Amino acid sequence: MDFSVSPTLTAHMEAASQLVQEQLIPLEPLLLSHDYPSLMEEMELVRHKVRELGLWAPHLPESVGGMGLSLLAFAQMAERIGYSPLGHLAFGCQAPDAGNAELLLHVGSETQQARYLEPLARGEIRSCFAMTERHLAGSNPVLMNSEAEFDGSHWHLNAHKWFTTAAEGAEFAIVMAKTEPEAARHQQASMLLVPMDTPGVSRLRNISVMGAEGYGPFSHAEMVFDDVKLPADAVLGRPGQGFALAQARLGPGRIHHCMRWLGLAQRAIDEMTRYLQQRAITADKVLGQQPLAQAMLSESVASLQAARWFVLHTAWQVDNGDFGQAKAAISMIKFHTANMLQQVVDNAVQMHGGLGITDDTILAFIFREERAARIYDGPDEVHKLSAAKQLLKVAQ
Amino acid sequence: MDFSVSPTLTAHMEAASQLVQEQLIPLEPLLLSHDYPSLMEEMELVRHKVRELGLWAPHLPESVGGMGLSLLAFAQMAERIGYSPLGHLAFGCQAPDAGNAELLLHVGSETQQARYLEPLARGEIRSCFAMTERHLAGSNPVLMNSEAEFDGSHWHLNAHKWFTTAAEGAEFAIVMAKTEPEAARHQQASMLLVPMDTPGVSRLRNISVMGAEGYGPFSHAEMVFDDVKLPADAVLGRPGQGFALAQARLGPGRIHHCMRWLGLAQRAIDEMTRYLQQRAITADKVLGQQPLAQAMLSESVASLQAARWFVLHTAWQVDNGDFGQAKAAISMIKFHTANMLQQVVDNAVQMHGGLGITDDTILAFIFREERAARIYDGPDEVHKLSAAKQLLKVAQ
Amino acid sequence: MDFSVSPTLTAHMEAASQLVQEQLIPLEPLLLSHDYPSLMEEMELVRHKVRELGLWAPHLPESVGGMGLSLLAFAQMAERIGYSPLGHLAFGCQAPDAGNAELLLHVGSETQQARYLEPLARGEIRSCFAMTERHLAGSNPVLMNSEAEFDGSHWHLNAHKWFTTAAEGAEFAIVMAKTEPEAARHQQASMLLVPMDTPGVSRLRNISVMGAEGYGPFSHAEMVFDDVKLPADAVLGRPGQGFALAQARLGPGRIHHCMRWLGLAQRAIDEMTRYLQQRAITADKVLGQQPLAQAMLSESVASLQAARWFVLHTAWQVDNGDFGQAKAAISMIKFHTANMLQQVVDNAVQMHGGLGITDDTILAFIFREERAARIYDGPDEVHKLSAAKQLLKVAQ
Amino acid sequence: MDFSVSPTLTAHMEAASQLVQEQLIPLEPLLLSHDYPSLMEEMELVRHKVRELGLWAPHLPESVGGMGLSLLAFAQMAERIGYSPLGHLAFGCQAPDAGNAELLLHVGSETQQARYLEPLARGEIRSCFAMTERHLAGSNPVLMNSEAEFDGSHWHLNAHKWFTTAAEGAEFAIVMAKTEPEAARHQQASMLLVPMDTPGVSRLRNISVMGAEGYGPFSHAEMVFDDVKLPADAVLGRPGQGFALAQARLGPGRIHHCMRWLGLAQRAIDEMTRYLQQRAITADKVLGQQPLAQAMLSESVASLQAARWFVLHTAWQVDNGDFGQAKAAISMIKFHTANMLQQVVDNAVQMHGGLGITDDTILAFIFREERAARIYDGPDEVHKLSAAKQLLKVAQ
């Protein structure tokens, strides 16, 4: 067992941190003030620099222009990148594009890869993933109203989805729909590749989430697919493979989120630390000398460190086995890290007092934005039950 | 000991609840979509109905047009009113006007009462309270940069404040400033009545809080008072009485908040209950049959009920004694109820899954808006220390 | 609504507190050092004084020699009595005798009352209640291996029970057994009155609980009833009424426990307060000036106060309605108060440092003894589910 | 970074686990029933087997008969050994002997090593460590009443200590006492080697802790050293070096405790897992199918895993640097792991229902015995403040 980091990876991590500090953190006020057009323009310049530094797409293999890192190495990069909410977009590894690219890489046909994967991996286009049904419980993915019928030459897709992240401005969607209604429950759905400009595709709205409708990659849409006509080769993988692929996509996706949350938690702790060191509470004392503040800091750092090593070990476990073996661990880091993040950010907000709830720091944004961490990709409760069933070997 | 509610109060509470359900809850989407002009227009109509029903200003004595309730009776009304975030504004008991009116009532001169209190109590004008210093720790109110000097005929006020709630559109401000720099530490400040149109008063911005700058009564301003010239009788109470009055104002203010939070927590529980009863998770099961959801509901209701009776008893204690005797209890209900609210709302959000973080329900609004509950009017930490010092009779 | 306490009740409460302070607390070291013979001897003297003061059996009607209090008044007495773990035994209201007496009072025949209730109410004999099955989950009381068959003239009882509290030295047991195996699930069991000297009754052991086997009223036995022959009138109430009676017995029993826990929590807080005031941590500072200690004290007091008023209100609700209406509330105070107690005692132990885990104070005893509070009479989890089903009106 | 375990260490760990399962767990009932003489006799046989297997003293270098492991390797062994409360005694690495041996190893003179270290390392004798003052706060080690004066040829020691673990049956004590009253505050104390049969040494009592006085290595004594005459070379290290040595001793000691707690937490989880798999709650369901039980299991495993990797990383940090650099991390794992253990064991007790509080399983023992984990070697609060001061670089 050896916890040291290789010199190459260390250099990558430091380069990433420097770029986040110098290029991205200064752009965060544009995000907080909802000035998306200026933000997107600036972000393009940063993405350019990321590519120049050879740090683009750390999660993807070199064959499609990525860094070709192990999951464990990516985890350590992701902490540095995720230190700013703008990080993953800047480094070309943002959800849902990261997961979509991995899907296309593993099961996309050559044509599909040429058309969708290559520009996506290069960051020239964006994509979205339409799985959650508007009127059904996301925690039970077998419940599905969306359907696609094959008429012998084309698919006809009818679906009503929501929480389709980053749909606004996306070039294509991957849509889950029932295509084999007669098959066994977990083999009824397929994934369909749908260009967003296909007739019948409409974005009803960007859902207002925590007070804001967001924009482009920072938005979640409600989508209607109304008798959308698609070519025969629109299916990703095989028909009926939808659930299996969704699971395959979500495993790494959950680890990716955990890695990113470590970065956000570290950010909150650094903000808290700086504030405690500087904020005067009397003529000769700073807040950091107040024992209650000290205890909250120590608890925050301890719980981040504990979550961190659990996440890194799980990434290593996946690198040295497969997602199946690590299934219980992935469920556990998902809820454990999300709860750690919520608590750490809550502490950081509290330590900042009134300032903490304003948008003069990044903390209030993380607080409200990442409340969703305990919900998306499976709520805490689902992961707790799922992990326990693995651990106990009892029926699901 | 008798926990029954008088028929009169019961009738008031039911009338208030009916109005909240029928008139206010339908207006909440205007708040959530930031359509303030429409909202304010509709609110005027509701306020008119409140007056017709004799439910206006439940916290004020009949002499100035209020309901003349005891604090304990007001507490029970406030739960019903606070069920909607729009309630207190509709019933004429919103912060900071409620506290300002109480101050004016107790120490305002006849002239001050005629000019400020009477239209304020009738809801014809709004006011604000400028205490928190822009650059100093609010938890230590002795730290104060704001100053007012008396030149023999006028006061000259210089101050930089923030978190001046509802400053936008207010007719006047009550401003804390140091006027007696040579006096003992707690006798240096005074409260000054400042019409908002006085030259030198400027509102720099509405502070963006949890992603939004708000509007009018739903905003918090950063204010500059630059050499503002005020008449000799601008002082509220006596010069040097500022801290004493601020304490006197904050005691009831904290109880008022607790009462309102009970209403918000009940709202969250009712939303959660309805959702658990209706949300299908399989073909024949609703979410409310899931044990983890059941446990979260029971824990939420239990902690609300416990906090509720503690708050009501404290109100009774004040009615039958004074704020001084109830000082430790007020500190304890402040942090205890605020934490209960945060946990209950967090549970309600979690139970709603993705829907819970959208603005399609009121929950995400309460979640982000009332994160401040553990901070304003004294953060948890300050109240925990303060209560303990009372309980232990050790030096502050 | 009126939270004041009548002068009569106040006088009773003060008399009870004085007796606990002066007579019982000095006996606690005998309990802690397991010197039961000396303890029981001293306790007899105290019980005599309790009777002289007219404070005997506050939970029972005057007709059988009790104080004839409402449940709400008893609750307030019980806090004072429960301040010492020896209190309830001293005042003649200890479990399981209190519940057994109530059962006999409500459904006992005249003969049964004369033989069992009268000496029990006077404290001349003790009893036990044998419900929990040795090998079956107590959380599902329908599971029952114990049986009694009626041969036309006598009952023949075969049962293996455990956690039969206070069996050692008891004069009689009330035993749950299946008597109507053909009836509907909840109508199969009956309660049987069994003199402990009946042939076939044997106490296998006092179960070692948290390191000690206890003694007499401070013990929990494993019992075997091996073909015990009982007269026809051994049934309490009607055959098949066992579950209904057990529920009727447990409702008040749970409230009684909650009331007692309030007393224990107050005790822990008083011990903590005194220690914080006296323990020097430097030459000129006591522990009570340490902010982390202050915060733990305030949190403890706040959570006790909140639980307290919730319990008292529930008692009032029962006085003014029935146990059925208050069913959800009783489940909620059961788990809420038990958890409050555990947390408060844990805080008190922690504040005492090394001393807190020794038997030089009462805290370690409460800590280990009342860990069971979250388990007996229904574990937290069962009450959370049960309360939620009431609140949601969904199927059990 | 590589989380794999070497084949050699894996083999050691498996051998240790097998011995714990087969030899030690069967002896635990002797511990629980306080049958210490039988226990000690059986333990000798097990210790013999441990030596035969080459697993003796994993924390000590080979030069004194230990396994010569790195701290990281010992950590992994210690988890397996600590799986039973009897483990550390069986493998020759129990507190306080482990820490005493390390002290003697690092600063003992040749004579001291020959007389004390060698038989101690071989497990032929036991020792104790008398630091905590009977009447002073252990959290402030500068407070010290114990004194030793040098008369030119001998030391005369006067001290009143308590929580002297394992004093009963120990061959010698290491005693902290003030020897240089004129020196700077942290240079006043020395450590003295005191054979327990020296005139003036008396053990007043084994302190009753959580209901039991224990025995030998399972006891904590109150000790009086009344004018104890010691030779000039009784000082360990240099006079005045006492605090420095105590710190040096406590750093590894805290890590050793954390490692051991990981083993105990794993034990609690394994007991819980087995019970959930086997305990029937209805005719066709086991407890492990109950969602609330599942959630508690998942939360327990997740928090153990997180703490585990944090502890292992800290051990690695010490192996690759020194205790000074890892000071904040050691404080954080101390409170974080102790709290994890308490929560996990609490969950395991709760899941076992009534059985959980009996001594029919090991859980109630761990529950009450390790409540002290959050107190000994520095209470949570002290470590939170201490870590924060390191993290913030503010004055202590």
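We call the chains A, B, C and D, going by the order they appear; numbering starts again at 1 in every chain.
FYI, a contact is a pair of C-beta atoms (placed from the backbone, for glycine too) under 8 Å apart; a residue touches a chain by one contact, two chains touch by 3 or more.
Please read all numbers here as calculations on a predicted model, not as lab measurements.
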Select, from A-C and A-D, the pair of chains that is joined by more C-beta pairs in contact.
-> A-D
Per mean C-alpha coordinates, the chain lying farthest from chain D is B
Between chain A and chain C, the Cα-mean centres are separated in Å by 52
At what distance in angstrom does the C-alpha mean of chain B lie from that of chain A?
-> 37
Go ahead and note the Å separation of the Cα centroids belonging to chain A and chain D.
-> 43
Of all residues in chain A, the ones touching two or more other chains | 290-293, 295, 381, 384-385
Interface residues, chain C side, partner chain B - complex | 1-6, 72, 76, 273, 276-277, 286, 288-289, 291, 293-295, 297-299, 301-303, 305-310, 312-313, 316-317, 320, 328-329, 331-333, 335-336, 381, 383-385, 387-389, 391-395
Within their complex, state which residues of chain A touch chain C.
-> 290-292, 295
Quick one: which bits of chain A touch chain B in the complex? Just the residue numbers, please.
-> 32-33, 132, 136-140, 143, 162-163, 207-212, 279-282, 287, 290, 292-293, 349-350, 353-354, 356-360, 364-365, 367-368, 371-372, 374-376, 379-381, 384-385
